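Shared chain: chain A. Partners: chain B in the first complex, chain C in the second.
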Partner chain A sequence: MGPVHVAGAYRGVVDILAALTLVVEFGMLRQALARDQIRLYAAQSALISVLAIVIGAGRGLTGLFALAGLSAALKVVAIPLVMRRLLRGPGRGGSGPAEAPGVAGSLSLSLASTVLWSLGLAAFGAFTFTAMNIHSPVAPAAALAIAAAMVLVSFALMIVRRDAVSQAIGYFSLDNAISLASLVVAAGLPLILETLFLFDLLVAVVVFGLLMRARHARGQSLSTAGLTKLRG
Partner chain B sequence: MSAALPVPVIQALQVLTIAVGAPWVSGVIARMEARLQGRRGPRVLQPYYDLAKLFRKEALAPEGASWVFLAAPVAAVASYLTIPLLIPVLTSYGLPLGYMGDILGGGFMLSLASFLVAIAALETGSPYAQIGASRAKTFSAITEPVVLFVVFTASMLTGTDLPYAVAATVRSSAGQIVAPGHLLASAALFLVILHETSRIPVETHTGTNEFGMIDEARPFEHSGPYLGLLTWSSQIKQFVLYTLLLNVFLAPWGLSSTAQAGSVGLAILALLGKAALLGIIVAVIDNSFAKLRLFKITEFVSGAFLLAVLAVFTFYLGGV
Partner chain C sequence: MLIVVLLLLLCSLAAGLVSLAAPARAGAAITVVSGLASFGLVLAVAGTAAHRDIAYLPYLRIDALSVIFMLATGFLYAALAVYSVGYVTEETGHEDPADAHRYARRFYAGLNLFCWAMLAAPMMNSLALLWIAIEITTVVSALLVALEGTDGSAEAAWKYVLIASAGLGLALLATIFAYVAGAQVLGGRYDLALPPLLHAGAALPHTPVRLAFMLAVLGYGTKMGLFPVHTWLPDAHSEAPAPVSALLSASLLADSFYAILRYYQVTAAATGSGFPREVLLAFGVASLLLAALQVLQQPNLKRLLAYSSIEHMGILAIGVSFGAPAALAGVMLHVLAHAAAKGNAFMGAGVFTVKFGSTQLSAHRGALGLLPWSGPLFLAAVLALSAMPPFGIFRSEFQIVAGGLGSGRYAATAVLIILVTVAFSGLTASASRTLLQPPQALRPARPAAAGTDAGSAAADGTIPPGPAASEEGSPATDGPGGRAVVAVLDRPAAAAGRVLTRGEPSAWMVVPAVAGMIALLVLGLHPPAELTGLMARAAAQLGGVA
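So, the complex of A and B:
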């Protein structure tokens, strides 16, 4: 095994992890159940944490281990837990619906067309970023292009789904996409800054949590389709 | 040291392995499926007994059906058995007839066989056979783009779409195996194979519910040896597709690199073993998912299409 092989394998692993996060992003777009969407979000966050560990180990950036641990604790464990709690309904002790409400049927397009449109978006994001020719010493450029594609797909997720859960999940996965991009272009960023970005997410969780609670309490539904009508 | 086999013999062995091994692979899957459901299940060799029984029986044709109805099963088996000449079944080096056609050539042979069976089903005038043929053609039109994208990925990785060359590239380094483009394309091909071999979540393999049937409905009016040929041909198709996935994309190991009888024999055993493993995975999937409603199949195929297109993307993004 020469050094070239090691570099090849390192690159392969980073590329695979990045590609998998994009596949999971599409999985969230397709998923019909809120519960499974949250699970996919946790899986995506776990992939990002593993990627941080791989980059940290491969490039000797020990700060990334701490970041990986923190983001795993927050995004793999805490946020999915809070989301599931919120979905259990407004009543304490189970007066709400026993099962988490589904988000099936909240797509504003058919599933196959949604997939085709977001593939187009992903292609646009990925290829424009490749054309910018940004190279990074720590990670292959493909990961950055994939992060750009993920940003656009998570926007698509927020746009085509008409329910509060998908929109929250879309927003959180947008954060994952940006984490991926920052791992590629700014892996050596001081830990304190990275941590700050991570805690920004908590504010979003609180806001979305309130939104979901309020939406559910008002209309007994998480759908945002009815919010377009103005009531005097 | 065993004796070296002449090249034509190895070439014939490729076809024979597929033709004779195909019912065994189906038997393994059926047995495994039954075991997972807590039944004892049929013998692994049961498909051979079924075929032997069908070949002994009398053949009937519906009134008004022409020679096409009777010729289609024979032509279908012949088309499927042409494909093992083109893909690496036993050897890692190209055999002389292996360069007759590329992966697309193999794809054309698969489509030709499926087209002939559909025509024969239309000949019968039976509504169930016709609906099966019509559905099979409709859904094959939407899986075709997935197959094309998988072929694109393979040919971009290797610069050629000859199956032997693709397999050689995959074997050449560990980096090729973990390349995201390659893995995504293989996953897409696997989903297409689930679709093409009429497995859950697309179709119930052993179902008797005509309304959900696609491929299984087509031979409704065939009987006796003709039905036997059609059953055998779908087993051959399954084994050919498994071989394509295993020996070209996922695990092109265990192939013989020489013409020695011993190593060719080992290659036969390795192929059967790998196919049985893949069959077990398919059986597990069969038992863990529900069949999709007919109109949900587009969603399943759109998933496969997604993976295939992402494979092409990652290739272009440099993540080969």
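So, the complex of A and C:
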């Protein structure tokens, strides 16, 4: 294989991985069980870690291997584990249905409208960023456009879902979208800063978890539809 | 100076960690010592930063602009540390001592850590570390908002953490695009330090810089309370404990504004100040308009003050958009004066909540008579927030308006004056309508179950019979003021129907408000020369002159 083929294959792999993360993001929009949402988040995070390894190997940025490992440990293993434990809620113990509350009815729009709106948002994000013409020395520009689309779809997820788990997962997937953007345009960002960003995410997860758990402990549902007391 | 800076960085952090494990009383003492010490250290740093920038290690850099925001936080930290001693004792409302103890421990730990993150943010030399510091403020303050454990506080905390975190997600994207811009000039090893970015100036590529600025305004603007991403703010401010509301409003919003200013500096250096100024003007006017209309009809005191914060953040954004040195110096003064005035207003609101058991304005009638210190101090704080002379905000807004007119931005200045006047009417009318009126006519009261006012032992277990007892001048009980009302409380229920007599709940809650009022008067009448020099230097840095 000549260098042109290698470059083409590299670009293809990066683009496919980036596109897959966006597909997973759309999957989150329609999931009916919190447990499955968390699984999709773990899968999306795993894709990002693989992408980091591919870019690290393709461009000789060895720091990305460490970042991929750290990111996988945190986002593929630790955060999903913490989320599931929190969902069990105190006093419910064990597993079973309580571990995986349904979030099916929490869409504030119909599923079809949600997906259509999200497609529109994704297209808007992708075209806007393509038009901005921001190039990266390490990855194809299409990946950045996909990251922008993912940012907007994750916002849509947070907005249309009225349950705490989906909203939290929406925020975490926003973080994944930012990680993707960061890999594409800022792969050389010093490892220490990337690590600090990850650590910060962990702290945010704990806070999301504590607040969710507090609601659970008060015997309230995870639905946020009732959080409408404060207005005006 | 390195030792001073390190002490400043570690003092509140250590206080927070120790308070988490220490008994409540020790936590209170540690918080007071740490608050006062931190303010002293900030003053020491300010003395130096008025003449030269301070930079240590690759990560710490304090210039005049940073110090202005550190002064605001440092002052509030000290004032609220003292205030909290009274507030936590009076307000917890927990019947179980273990619950009260747990509340106090968490409160003091959170307060110290919150202040630590807010003091650290302006000291960071890197845009990445700045983002991390602001993110830490979010997670700590979200837990503090949820501390009351009510349904309202849970709702407010959830909205806050979700919206602010999503906003900070955009701010992180801004950070990444700032790196993209920097790396194209400074190479891939660029670590997001601020001075090289400012130094690179016009060599920076315009598109990533503009994108970073827009994302920063939206992202950090979420935490600053700019329209239309302000929606968490009134909820969180109204549901948090009063000292936390004060910090959120007077210090956290300003810190987020500080982050935007750093992006403003970079963008102005790279593309000229026209683009960032127009963006800030649009967001500022929209925020000011929303807030001015909201304060006109706001029945809840803390929400009223929260909207007033959005108003003042709008004024700050507009002030920067004028770009004139006078307006920029006015913005710096406004940050300090708003911190003192809003701190005082929320401290007053906290006293009212303790005294009347409600944050509804309608429950605070007669407050001027019942609270001989806090009532007038609160009214003065509201007048200060409304930009009445002789307080600091009058001077700062005057400077901003003068700067706007001087730079030929007549239309924007006229809009600013009109909206500020609308907000002024709303704020003073809402607050004074209830404060200056005689105590409220009573609903039939239930027999008292609990609750005498601290500072008076007037409640003798009997309740004055019905509405007549509340009329002004009816000496229904033998309180020191000879006047008593029965407040119908919305929280805690057990205390509903208690007899209120003239007196302050706690001296701890009055002293810091007096200090705040002195600061407001000094800022308004005759700011010290050192401070004026510092503000001029900060304005010059912001304007790209220094």
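Criterion: the second predicted complex is superposed on the first by the 220 of 232 C-alpha atoms of A that agree within 3 Å, B and C clash if a C-alpha of one lies under 4 Å from a C-alpha of the other, contacts with A are read in each partner's own complex, and residues count from 1 in each chain.
As a working rule, contacts are C-beta pairs under 8 Å (C-beta built on N, C-alpha and C of every residue); 3 or more make two chains touch, one makes a residue touch a chain.
None of these values were measured; they are calculated from a predicted model.
When both complexes are overlaid on chain A, the residue A:A126 reaches chain B alone and has no touch with chain C. By the document's definition of touching, of the two partners only chain B reaches A:L111; chain C does not. The wider contact with chain A, measured as residues touched, comes from C rather than the other of chain B and chain C.
Using the contact criterion defined above for the overlaid structures, shared-chain residue A:L40 touches neither chain B nor chain C, since it reaches no partner. In the superposed model, A:L22 lies in contact with chain B only, and not with chain C. By the touch criterion stated above, A:V207 is placed in contact with chain C alone, chain B being left untouched.
Legend: residue contacts after superposition of the two complexes on their common chain; A:L193 is shown touching chain C, with no touch to chain B. The residues of chain C lying in touch with chain A in their complex are 126, 128-129, 132, 135-136, 138-139, 142-143, 146, 149, 151-152, 154-159, 161-162, 165-166, 169, 172-173, 176-177, 179-180, 183, 188-189, 191-192, 207-208, 211, 234-235, 238-239, 294, 298, 300, 303.
Residues 5, 8-9, 11-13, 15-16, 18-20, 22-23, 26, 30, 111-112, 115-116, 119, 122-123, 126-127, 130, 140-143, 145-146, 149 of chain A are the ones touching chain B in the complex. Chain A meets chain C in the complex at residues 132-134, 136-137, 151, 155, 158, 164, 167-168, 171, 174-175, 178, 181-182, 185-186, 188-190, 193, 196-197, 200, 203-204, 206-208, 210-211, 214-215, 218, 224, 227, 229-230, 232.
Taken together, the chain B residues at the contact with chain A in this complex read 173-175, 178-180, 183-184, 298-299, 301-303, 305-307, 309-310, 313-314, 316-319.
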